[in-house]
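In what follows, a single structure is set out as structure tokens and then discussed.
Should a chain be cited, it is by its letter among A, B, C, D, E and F, assigned in written order, with residues numbered from 1 in that chain.
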Amino acid sequence: MRAPHVTDLSGVDAAVYGIPFDTATSYRTGARFGPEAIRSASALIRPYHPVHDVNVVEALSIVDYGDLPVSPGDTQRTYAQVVKALTPIVEAGVFPVALGGDHSITLAELRVLAKRHGPLALVLLDAHADTWEAYFGQKYFHGTTFKRAVEEGLLDANASVQAGMRGSVYAASDLGTARELGFTVIESEELRVLGPQDYGMLVRERVGDRPDERSVRFDEVVVPGVHHNSDRA
Amino acid sequence: MRAPHVTDLSGVDAAVYGIPFDTATSYRTGARFGPEAIRSASALIRPYHPVHDVNVVEALSIVDYGDLPVSPGDTQRTYAQVVKALTPIVEAGVFPVALGGDHSITLAELRVLAKRHGPLALVLLDAHADTWEAYFGQKYFHGTTFKRAVEEGLLDANASVQAGMRGSVYAASDLGTARELGFTVIESEELRVLGPQDYGMLVRERVGDRPDERSVRFDEVVVPGVHHNSDRA
Amino acid sequence: MRAPHVTDLSGVDAAVYGIPFDTATSYRTGARFGPEAIRSASALIRPYHPVHDVNVVEALSIVDYGDLPVSPGDTQRTYAQVVKALTPIVEAGVFPVALGGDHSITLAELRVLAKRHGPLALVLLDAHADTWEAYFGQKYFHGTTFKRAVEEGLLDANASVQAGMRGSVYAASDLGTARELGFTVIESEELRVLGPQDYGMLVRERVGDRPDERSVRFDEVVVPGVHHNSDRA
Amino acid sequence: MRAPHVTDLSGVDAAVYGIPFDTATSYRTGARFGPEAIRSASALIRPYHPVHDVNVVEALSIVDYGDLPVSPGDTQRTYAQVVKALTPIVEAGVFPVALGGDHSITLAELRVLAKRHGPLALVLLDAHADTWEAYFGQKYFHGTTFKRAVEEGLLDANASVQAGMRGSVYAASDLGTARELGFTVIESEELRVLGPQDYGMLVRERVGDRPDERSVRFDEVVVPGVHHNSDRA
Amino acid sequence: MRAPHVTDLSGVDAAVYGIPFDTATSYRTGARFGPEAIRSASALIRPYHPVHDVNVVEALSIVDYGDLPVSPGDTQRTYAQVVKALTPIVEAGVFPVALGGDHSITLAELRVLAKRHGPLALVLLDAHADTWEAYFGQKYFHGTTFKRAVEEGLLDANASVQAGMRGSVYAASDLGTARELGFTVIESEELRVLGPQDYGMLVRERVGDRPDERSVRFDEVVVPGVHHNSDRA
Amino acid sequence: MRAPHVTDLSGVDAAVYGIPFDTATSYRTGARFGPEAIRSASALIRPYHPVHDVNVVEALSIVDYGDLPVSPGDTQRTYAQVVKALTPIVEAGVFPVALGGDHSITLAELRVLAKRHGPLALVLLDAHADTWEAYFGQKYFHGTTFKRAVEEGLLDANASVQAGMRGSVYAASDLGTARELGFTVIESEELRVLGPQDYGMLVRERVGDRPDERSVRFDEVVVPGVHHNSDRA
């Protein structure tokens, strides 16, 4: 998007950063090259959106913060690196926009965000709930992210909506677990019937049920839902 | 789909087999690599379907029977090879699922199926009716399959539905021939208006008109319609 | 489309010609190979359209006129070459069908067509209005075509419709300029609401407002709208 | 090579023509698109060769004769079509340059050439001798061409050289057959030791042994060796 | 290579097996699909080698043992799985041929082989020595394999030859470490001067220095050198 | 190469910069994406070269200066932009390393370098001499660069060597012109006979003949020869 490469966060509204990591992937890897590919393609993005009548570059100060450090082959070490590198961005009150990377990286980001804001509401559009206990013997993997997040107290599942779930999956329990954890789960067929308007209202209703003594701002709530997940097969 | 490679059919419900043949193709070949490509991609298939609430691997014994022998460059010899190799599968009462291969191979399969069950009802979703008399001087080719099948008495055209037909075609007679042969032909524009529900009912009505003294089971009727044709340009 | 390569225009209804030029492109080039690629793919086109019940090859004499001369790297010189080469086709009353090439070439074609027919009505389906004043310092470029065309008196903007405009764009003025020039501009969201029928009626209404002392035929009016623009990124 | 598309052979020295056929191929097809691809790539060819100091376009009248008719899926019918279409070129004394197409098409060309000139000397650079009796049950196939050619009396094997043969092959007899037919066979390892100069002398010696009462010109002898075979996997 | 899929090892001379693992890779992954790709390409392999005059399929009983189990994302767990699965092959005296997979998997194989045969001689043709201490903080990674192997006593470095080493590398110590570990290291420029004959003699000399009270067979010695490493960028 | 993006040149030895321009290309464009592709691939480059025993990153301060501004579609305007942007780099005594871009950009660079150092010696390894008068009517194009450079007095042709020239070309004069301009031209066949050592000595001899009152450093002389030209078809 031709944003300047800046690591000084003073006066910055939003920081785009890459997490070039795909070790926690069961099938086809390559999402480690996602940040590079998204940046390359973004050269064509133009800042004015005619429907919303907003020039995002004039309205906000957006910078390219570069890539966060990762350790290919080592998920847990990468989590620690992401937590360390992301904390100053979040502490500075800068809106974080991640370019992934496989789904597993979301857990590290939630650890940083929940430390500052408490349990978050998740608004997820995805084909899978990512609430398995383990996969290929791995507890920290691209299909286990949101079970770990609830277990670690990073998400308020009752304020969260997972929509677009569709098969084929391994078993009925694939979606059952997500519901047992408290998530509102909307399968693909339901979402199509629901339509954009009613889906939006449902999201507002769930997210709006959250405690308001903490002045949670809109951007912080939605963050986990805007991750650009590129580890699809 | 990670199914075991098995050629012993006892206790088997359905056998997947490849027919790696594309000689009878007018334009771009390559469907001979279709079975390999489908098997490779099927590694991602998961067995549970949430809408139908069925785990297909638990419900049925499905095996990968391997590829049937073919003769690249020789359509008629390949027909004889497919008939010989497919007969034991069909005679064992195993549900056959073919991975093609170009459209011409369907004729060989119909010869085996009709020998056991009599003329079959065809439920075809395709852009073309494949009822030409000949193409490039070839009587047995990917565009002539269903004319040959009716001529050989393998299909009950009055119980059959060809849907999704769309241009461009060579002449009005391209679809006219299919109708003259007795097929119910639903063009693409009609199918869009009809919708899935009414299309399903129309298919049931046509197929249901068939003689019932023969205990034709659902699977046998639909077989020719589930062929995975991959010889599109 | 397997049309004969003919440069003698007597008795010809329509001539297909390529303009293999992409110099006036800001991002990804390659449209200079568009004519070759379109011709190659057109080998699969069949002449009968079942919905309109017309065999276009029987109804019209269509020839492949080859490519017009161009100068890679030099937009203005190419314009002069296209004007010189296209004039005999238009003067012969043959319907011109261009295979582009980037958007900039349309200006050269409009110069030839307007010389014969006077200001033309434009029916454009595109994501952008192409009415910038300049881009990368270039007045003759793929994003400036229709501003230049109005300035040169080649288009009757009041009789023209630009539909499908959508973001992201640089500024609100991107579409504002097109409207100030007199074009009817239908944004993508409006077009989806409008639907094909009402869009068709609106086009007829606008185009029908044009002066009728010149016996402008339908084909001539629509010409600029049928350009096959292949310079999308 | 930007040669004109011409089918009138008067005054023509050499005619380039395509044979877009790949039915007789055991593994990967696609050579039917060879003529199109070679023509496209040839746009970059320039006519002057600095080492030989010759401008081939000034020295010879070369035309693009277009493609000969073929029947995809039917090797024998294609042979008949090639023989019929190629005969006028050869009878006119025009030097034929074929763009293949799989190896099987060479047999049809040899039938035309031998009819005019008698048994020919073959100068072949290839990895295989193509002298199998049959393959996949096919007598006319890409691996059987030169056995058929000797059997039909089209080649003078004693005046012919097959060089570059290398494994892996099915059996020792793969090359043994070629030698039994009378060909001089030079395996890949021998050819590397021999070097270009000695290979050239060996070819001249073999070809030079042929009867000289027929004024066989150099070009006619070498023809089968210059076929551009593109059916490699 | 169209070898039968067999897991019963009685009477088997050599077993080909895949290790579809690429987690321990610093840059471009994808080697997990290496076994599938090698098997697909091997369909063209023919069994007779004319220079060595051997038909490998007649001389040996070779089977495709399938893939060994792995855990994507977890190198150490994969090592344990490979050791467990490979042990019965090696214990049965069957010659193992691995299809990788990144370089890290060699360590697991050496653990199995050294347990049976004692420290092995390594004959490696590669661009890198893979003797780093760690990379991206990982001790078990594709660039650390042979340092670990020496440390674990799996290799007899004095009997081993690493040839083909070339830059660019990070530091002079990249090759220095290999030499300090005892390996004979032949850089790319030296290997080119040495030539195949002298290289072969040097390998025999080094390997021949090994203790002969253990009846080490040829295959066991060379095994680590025949791994098909496909994790190159 | 993971070099830092720096535009402050104090203390810098060498600056890598991109010129993403390919307008002056006759056939396949795309070199405008060359700088991005070279930077992406350079992530794998390691700084130590074992043969020369040098760590280039320790020996020199190398920075990535970013891309110079260009005007797609307008060669002359781009020349002016490159001259303006490159001058401060050259004036600062920083060694310039360009990532192209088509051959035409070299002329702009030579204008900057010759202004500081006087006429330069060119050491070119290429298949073409690029000394045409014009191409497609364009005087400033990828095939005319070095004729313009001599005409503008930017090169000392007598001190310059063009090596690797090979056909096919349009005419004998393609290389003749280069020789008439004073260049030493070594054709591809000669270069192969000459070998690296003698070629190096010939270059030193030619370049060494230049006046030595100006303290021309080696790097400045060779600059035009190290351009990474990526506009090959």
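As a convention for this text, a residue touches a chain if its C-beta (ideal position, glycine included) is under 8 Å from a C-beta of that chain, and two chains touch if they have at least 3 such contacts.
Not measured: the values here are computed from a predicted model.
Asks: Just to be sure I understand: going only through chains that touch, what's the smallest number of steps from chain B to chain F?
Replies: Minimal hop count between chain B and chain F: 2.
Asks: Compared with chain A, which chain's mean CA position is the farthest off?
Replies: D
Asks: Shared numbers divided by all numbers used: is that above or below half for chain C and chain F, i.e. same or different?
Replies: Looking at both copies, the contact residues mostly coincide.
Asks: More C-beta pairs touching across which pair, A-F or B-D?
Replies: Greater number of contacting C-beta pairs: B-D.
Asks: Going by more than half of the contact pairs matching by residue number, which of D-E, A-F or B-E reproduces the interface of A-C?
Replies: Answer for A-C: the repeating interface is D-E.
Asks: Chain B to chain C: how many Å between their CA centres?
Replies: Chain centroid spacing, chain B to chain C, equals 43 Å.
Asks: Express in whole angstrom the distance between the two chain centres, defined as the mean CA positions of chain A and chain E.
Replies: 40
Asks: Applying that definition of touch, give me each pair of chains that meets it.
Replies: A-B, A-C, A-E, A-F, B-C, B-D, B-E, C-D, C-F, D-E, D-F, E-F
Asks: Where on chain F does chain C make contact in their complex?
Replies: Per the touch definition, chain F meets chain C at residues 22-26, 28-30, 32-33, 71-75, 77, 136-138, 141.
Asks: Within their complex, state which residues of chain D touch chain C.
Replies: It is residues 5, 36, 40 of chain D that touch chain C.
Asks: Would you tell me which residues of chain B are touching chain A in their complex?
Replies: Chain B reaches chain A through residues 43-51, 53, 55.
Asks: Can you check the complex and tell me which residues of chain E touch chain F?
Replies: Spelled out, the residues of chain E in touch with chain F are 27, 165-172, 174-175, 187, 189, 233.
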